[in-house]
Structures are given as C-alpha cells and as structure tokens.
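See the structures that follow.
Two complexes follow with subunit A in common, the first pairing it with subunit B and the second with subunit C.
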Partner chain A sequence: MNTRLRTKLLAWAAAALTIVLLLGWWQGIDARTASFLSRPVDVIQDLGNWATSPDLRADIGVTLAEAIVGLIVAAIAAIVLAAILNTSRLLADVAEPFIAATNSIPKLALAPLFILVFGIGFNAKVNFVVVSVFFIPFYALFFALRTVDPTIRAHVRILGAGRLHLIRDLYIPAVIGSLTASMRSALAFALVTAVIAELIAATAGIGYQISSAGQNGQPARMLSGVLVIGILGFVLDRLLLLVERPFSRWRIAGRRTT
Partner chain B sequence: MKGRRRFTTVSLQIAMLVVILGVWELLTRTGVIKPFLLAPPSAIGRQIIAWATSGVLWPAMGETLYVLLIGYLVGVVGGVVIGMLTGRIPFFRYYFDVFIVFLNSLPRLVLIPFFIILFGFGHAPGIIVTALIVIFIVALNTRVAVDEFGVDFVQNARVLGATPIQLLTSVYLPGVALSIVSSARLSIGLGFQAAVVAQFFGSPAGLGFLIAQGQQSYNSTQIYAGIAVTSILAYLMDLLLGQAGKRAGRWLPANA
Partner chain C sequence: MPDAATRAGGDAPLLTIDRVSLSYGGADAAVDAPVAVEDVSLTVQSGRFVSIVGPSGCGKSTLLKMVSGLERPSAGSISVSGTPVRGMRRDVGFVFQTDALLPWKTLRDNVGLALRYRGVARAEASRRAQDWLSRVGIGSLGDRYPHQVSGGQRKRASICATMVYEPELMLMDEPFSALDVQTRDLIETDVLRVWEELGNQSIIFVTHDLEEAIAMSDRVIVLTRGPGRIKADYTIDLPRGRDVREIRSDPRFAEIYQKIWGDLRVEVLAAQDRQTTTAR
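So, the complex of A and B:
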C-alpha cells in the first residue's frame, strides 16, 4: 500500500515534469515556428481575450445548441422507431440488416451533404447531428428491447398486466439503463459532429472560430478553440455521468435480485 | 418451422430492398423529391461506374486506404508499447493515465485544421489523426490483455517453468495480438472515418476529397456516390474484421 502510493506520487511528479518541460520547450521555439504553432502563453492570452469578449459565450451557445437540440431529437426518434420495430418479432428481423447497413455508413462523411442540402446555418448542423447520433441510442434500445425475456413478459401478462403496465413495469425498466448509458457516448459524438460541420462551413460556433482562425493565420485561436471543445466535452460528460449513475446502479441492483 | 421463418424473413427483406429502391427512384425521377436533395439510385450507380471506368475511383480509394493503413500501423505500434508498459509496470500506468485522461476527452478530429497548418495538405494530417484515434483503443485493449486477461495464463505458464522470454512470446504477445484483432473492428472503423474526414479539408485526393468536391461544385449526385463507396468499403471492412475477430478468439476457453 505504501509503495503503491509512492509509485503513484512519483509517476504524477514525472508526468507533471514532462508537461512542464514540454510547455517550456514549446514556449522557447523561434519566432518563425511560433507564427504557425503559436506559444503556450499566446494560447492562454487568446483564451483570456476570447473569454472576456461576448464572443466566447455566443460561440459556445451556438455549438451547444446544435449538439443538444440534435441529440434530443435523435433520442426521441430512436425511442419511437425502436418501439415500433419491436412490436413484432418479424418486423424487427426484417429490419435488422437494413439498420446494420445504415449504421455502417461513416456518419461524419455525410457532413458535406448536409451543408449542400440545408445550407451553412443552424438547421444544417442540427439535421446532421440528428442523423449522425440517432443510431447510438437507437441500437441500444433496439437490442435492449429484443432481449426482454419472453418468459417474463408472459408471466407479467398472465398476472393481468395491460399494455400500459407492460410498458411501465417491464419495457421501461428493461431499457432505461442502456438508454442513459448510450446517451453519454451520443452526447460526445453530437459535440464532435456539430464541430466538424462547423469546420466545413458555418457562420458561428467554436468550429467556425477554429476554421476561420486557420484561414487568418491565428494558430493561438485555433488551439484555444480546441481547448474549449475539450473542456466542454469533459464537463458535459461529467454532468451526464451524474444523471446516469442512479439508473445504472438501480439496474445492477435489479439484476442481482432476479 | 425455423427454416420457413427464415425464408419468410429473407424474402421480405429482399422485397423491402426492392420497394425502397423503387420508391426512391420513382420519387426522385418524377420530381416529387428534388434530385438535388436526394439523387436517384440509378444516377448514383452511373456516377460510381463512371468513376470506376475513368480511373478516378481506385486511386481515390487507394489514397484513403493508404492514410488509414499508415495511421493504423503507427497507432498499433504506439498503442502496444503504451499498453504493455501500463499493463505491466505500475509507474507507467499512473504516468500515462495523466495524459490518456486528458487526451481522450478531446475530440481529436478537431485537431485536423491545426495539423494542416503545421504539416500542409499532404497525407500527414490524416495519418496523425488516425493514429491518435487508434493508439488509445489499442493501448487500452493491450493493457487489459497483459494485465487482467493474462493472470491465469501467466500463473499456469510459471508453474510449468516458463522463462520470462517464453512468457513474453507464448503468453503476452499472443494475448496482445488477440486484443488487437478483436479491437480492430472498432479502431479501423473509427480510423477510416478519421481518414475520410481529414480529406474534406483541402486534401487533393481521396474519397473524402471526392465528397468535398461534390459539395463545392453543388453536385449532390457526386456526394451520394462518394458516400456510397465509402459506406460499402466500411461495411466490407467491418464484415471481414468481424469474422477475423471471431476466428481469433476461437481457441480461448469460454470463460476467459
């Protein structure tokens, strides 16, 4: 125990030293290299300027709105379609290869299509996020519903459960864990898709800031944009983890009793 | 009874495919849906055939697969080294975890424009981003392979008198190879997507370039054809790797 703690502290110290050395080396590069790599201090300074101007809040707002609106629409569509397809075993069997084929489309490759068809505004991004993210909760739900034990279903029905009871006491408990778990990866992906679409063509948002900084030769702004997305993704992930935890704990507890 | 059910399913699937393609063709042909929004399947097919016969398609595919292959190899080598170190040596585990936690929460695709500024419009940005995505998946799987999965095998091999070198060659490396094959489906799928996306941004060639070119020239048929080729390629790779993964794990005991 004691040696483990010592190794841990030693490793963290080494990691901190590595980071400091890297940043120091980066800060010390010559002016020509710095013109397209920028320096750590430049990035921090740019982030400060950006944060004190009203732009940063607006850009975060645009990107977050695209990702979250897209995610919510995708989740609702996924719930509806998964429920419809699972009303009949045959329907689900027939649909499965089509779903698998559609799912194997590399979603991010669709970004130029959405920009061409829906323009460079907010709508194009939301539509793109919806289509890209849809399969994550849909797949989770589709398979969670398929694995509901027919025996348990039969038992519940014999005990006199109507359709509403079945949904409330069997289907929702069966899928809620995988739904919330899938929402975590869906959120991360929604953020990436929104930013990728903004990188290709946009008028606002963090991705737009990164791509326009690239065109104007402002590497510091590009890197602070990347940093903002990283922080945003991290914070959102932690928030969703807080929401998810009670559900997954409940699911494991439920498994143990059966 | 079971065969009959399967027959019904398959014939319904074929019917559904024909109906979807037919309705799609009909709606776009008659102009109910503008062909600009949704290109008819026949036009997409013609575009792909035109590419294939004019010698555009194969070099574009080759270009994307080249970026994927090099990026994947770099990612696998780096991932195995990091995974072995973190799996066997506690110091490296804590050391690399600091970087992994930080880098893993960062969507690496966002770095593409920055890498283009640094390395120009060649293969490098795509290769680096692909490698950065693959490396974490491989490192994580390798760590699990040499750490948790290996425990029983390592103890058995030690009891049988294996030397450290024998342990490496007959326990760790096969375990690592297995973990690479079984994670290949995920890492190559994501790597392929990264390679294509990198080609959206000012690359002069590749499948991503064909798609981006369609967008810039307002030619939606070209975009659809590009997406179709990309998807078919992705699907075939996934199918192949899925089979490989199943084969590779066959010798394992069921509870490993």
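So, the complex of A and C:
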C-alpha cells in the first residue's frame, strides 16, 4: 500500500470517527435538550416516515421547481443583460453603479414586497429566487466578457470571423468557465432563497414543512427538512459538475500531459 | 488581371500608404491608445520583406494596425492591391507580439480557423492546417492545446494560422520579441524559407531590433521618435536564401548595420532623453 493511499484512508477513517462520535454525543443528550434538538435516531425515523408518505416527494418537487425555474430565469436574464451591456463600453460604465447599488440591497428585505405583489404562491417564490440569484451569474459573465483578450479578438477578426463566429469561437468559450462556476454558487443560493421564501410564507415545500414543524414543536421534522435540503444541494451540485465537464476539456488536457 | 501584373513584378504597388497621420490628444484618449504617426508615405511591391524600425513609442505598431484596418488614420489614405483599407480585409494577415491563439482549440483547429471562416469544409481545413504545421516543423503537435506547447511552438502555430490563407500582405508586429535568441533565430530562418517558397507575399515586419530587421529584410525603414515620421529608407542587398544567424557574420551585414545604426541611434537617444525628462 503506497503512502498516498494510506494518507487518504486515514483521512476517511478520521472523518468517519468524528461523525460517529458527534452522533453518539447527540444521541446521548438529556431529555430536556432533546425536546428542542431531537436525537439522530428520531430524525432518521422521521425522515423514514416522511419519505414513505407522498408528502416528501411533493415538498421536494415544490422547492426544487422554485429553485430551478428561478435559477434558469436568472441565468437567462444575466446572459442577456451582460451581453447587451458589453456591446458598448459607455453603456457598461453607465449601468455598472446602478447594478452595484441594486446588488447591495439585502434581498430578504424585499420579501414582504414580493408577498404583497405576487402573493404567497409559486410565482412569488420564483421571483424572489430570480432577484436574489441573478447577480451571481451576471457579475461573473459581465467581467468575463469585459476581460476577453483584445489581442485574441483582433486575431480572430483578422482571420475573417463574422459576428456569429466570434460568439461561437471566442465569447462563449471565453465565458463558459466563469458561467458554470458561478452557476454552482447560484444553484446553492437558489435553493437557500427558495427555502427562505417558504419559511416566510408558503403552503408547500421543504421550507414550509420546517417552519410548520417549528410551530408544532416537532424538532425531528425540522432537522430532517434541513437534511433533505443538504442532500438536494449536494446532488444538484454534482449534476452541474457533469454538465460543466465537456466545456473544460481543454483545461484538463493540460494537466494530463504536463 | 491586375493580379497577374503584380505577380509578374509589374510596378503597381501592393501597399500604398499616402501621407498618413494619426494623432491623439483628447481628454478621453484611452490608456492603451496607440502612439501617433505623422505624414508617413510608403509603397511596397509584391514579394518584398520590409522592416520598420524605430525607438519604442515611435508609432511603428500603430502604422501596422492602420494597414490592417484595426485603426483608422486621422489623415491620409492606405490602399492594398489598389483598394482602400476600410476595416478588416481578407488579403491581409497579422501576427501579433503576444500569443493570439484560442486557448480552447487545438493547434490544428487554430490553424484551420481562417479556412473555416472562408467556407472550407472541416476535413479539408484540417488537412491543410496539418500541412502547414508540418511545414514549420510542429506537425506532431496538431492535437495539443496552446498551453501544452512551448512559446516558440505557439509562435510557429500563430504564424501558420495566418499563413494558411496565404494573405498577399502579411503584417508582423514584433512577433519574436518574447522568444529566446536561439528559438528566435530558428523561427526567423523558417519564416524566411516559407516566405520565399510562397514567392509573391509581402511582409511588413515591425521590430526594435535592428539586427533582426537587416537579417530578414529587403528594405529597412527607420522611423523617428514619436510622432513617427520616416527618417530613412535603406535597401538591403544581402543575398537571399539567408540563415539569419550566419548572415550576421557577412562583412556586408556589419557595414549596413553601422550605416543604419547611425540614423537609429540618434532617435533612440532622443526618445530616451525625453523619457527621463518627463520622468523627472
């Protein structure tokens, strides 16, 4: 067994031990603490109950739909706005401070306004996610487009590239790395904002379940809700990585040969 | 056909630069604004290798950018093959000082790009790109990405990317200044060989290195310090089929060098003087 593998196994063993110790300590807490913190066994049991009822699937569906629809709309809006603003230096310079100001508004503060305008249904959640998430892909794209190497652009234009060639061969490959990287943070954030919106006012979704469990004194359900969100976020992140891979093939090629 | 006339060495020039100036000075001039040139007139025939030398900041790169259509002169006119330059054109190629290859395309795809833009089918473009890579000695690197090869190999590929569509006029803006001397000598000799094989292509080569200019060229033009004007125009009558390293030990080389350096030195010193004065 080589040293590298041994180090890796050791790290895994240490991590597993830590988890077991933590869970063990948690399981062993006194009854009073358990009344608001629950216990691992109760959480697992609750998750089992929730999973076998039709509710869990419906709740996941609602939250996922809000997060993903919101994310897609935000990404499309970001692509369109970043592309438009980069057609002219002047336009970009004029728009930039407005965008920075909007970005610094805490979106959570807008939640009551969203409820007022869009109600407490699906629409309100999606809009809230869009507004919250938009700036992550937007800034990534805006700066990626701004920093496209002017020499490479001149080179490709002199070679005879038309507008569509430039978009296909220069702009898209130049920004795809930043876009997919930003989409990973945006995805996590979309899930978080969808849940937050549900916590504030909702009739369905994981966030709604957590919030009503809180009101009904069911700590196990609250924690299993949090667990479900964590698992969802992780799975979606891995899926996004799979989508990103073909676009970064040229980068990976370097690591293999040099 | 006008083409036939130029090929036969007729006297219609390939490139005509007529009293061209470009000046800046507005408050909104960008930081990377090119350096000014003033009242430059120049004609270049087909099949010539012409170098432009001058102190840094004399506007020699600006002149090239105007010929390529990347910049517009504020006065005067430029025409290539008898038609005025308005924006970019397909019979002119440009090799930049820094790497300009697309990092996400293999060397072969990079070299085939200009052909693809001209409607050549993928397989044919790829075959011709591979031919060119082999011609400059990097035929085995077609599947590599730019960052996987050395600076010299990237430069060879950059030159192929432009040579592949055989532009009648090739503009080179200090293309080898970032390379080490040994690599540079080898690439320069290869460029001369390929250019001689093509026969009727003209190259305008901008450099601050006088030795390089003489070794490569039929003609060396000296610009004054900025705003650049033409100070002198020398014909280099060294025999062709040159090896840029060997040609330097030719006694004629030293003679020509001394003559041109006399002119260039004054401008370089004056430009440096000005820099130190403004720095103070």
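Keep this in mind: the second predicted complex is superposed on the first by the 217 of 258 C-alpha atoms of A that agree within 3 Å, B and C clash if a C-alpha of one lies under 4 Å from a C-alpha of the other, contacts with A are read in each partner's own complex, and residues count from 1 in each chain.
Here, a residue touches a chain if its C-beta (ideal position, glycine included) is under 8 Å from a C-beta of that chain, and two chains touch if they have at least 3 such contacts.
Please read these numbers as outputs of a predicted model, since none were measured by experiment.
By the touch criterion defined above, A:D169 lies against subunit C but remains apart from subunit B after alignment on the C-alpha atoms of chain A.
In the superposition on chain A, contact is made by A:T151 with subunit C only, not with subunit B. When the two structures are aligned on the shared chain, A:L159 is found in touch with subunit C, with no touch to subunit B. In the superposed pair of complexes, A:D93 makes contact with subunit B only, with no contact to subunit C. Taking subunit A as the reference, the larger set of touched residues comes from B, when subunit B and subunit C are compared. In the superposition on chain A, contact of A:A11 is made with subunit B only, not with subunit C.
When both complexes are aligned on chain A by C-alpha atoms, no subunit A residue touches subunit B in the first and subunit C in the second. The touching residues of subunit B, when paired with subunit A in their complex, are 8-9, 12-13, 16-17, 20, 36-37, 90-95, 98-99, 102, 105-107, 109-114, 116-118, 189, 192-193, 196-197, 200-201, 207-208, 211-212, 214-215, 218, 220, 223-224, 226-227, 230-231, 234-235, 238.
For subunit A in complex with subunit C, the residues that touch the partner chain are 149, 151-152, 154-162, 165, 169-170, 173, 250, 253-254, 257-258. Subunit C meets subunit A in the complex at residues 68, 70, 88, 90, 92-94, 96, 98-105, 113-114, 117-118, 144-145, 147-148, 161-162, 165. Every residue of subunit A that touches subunit B in the complex is listed here, in rising order: 4, 7-8, 10-12, 14-16, 19, 36-37, 90, 93-94, 97-98, 101, 104-113, 115-117, 188, 191-192, 195-196, 199-200, 207, 210-211, 214, 219, 222-223, 225-226, 229-230, 233-234, 237.
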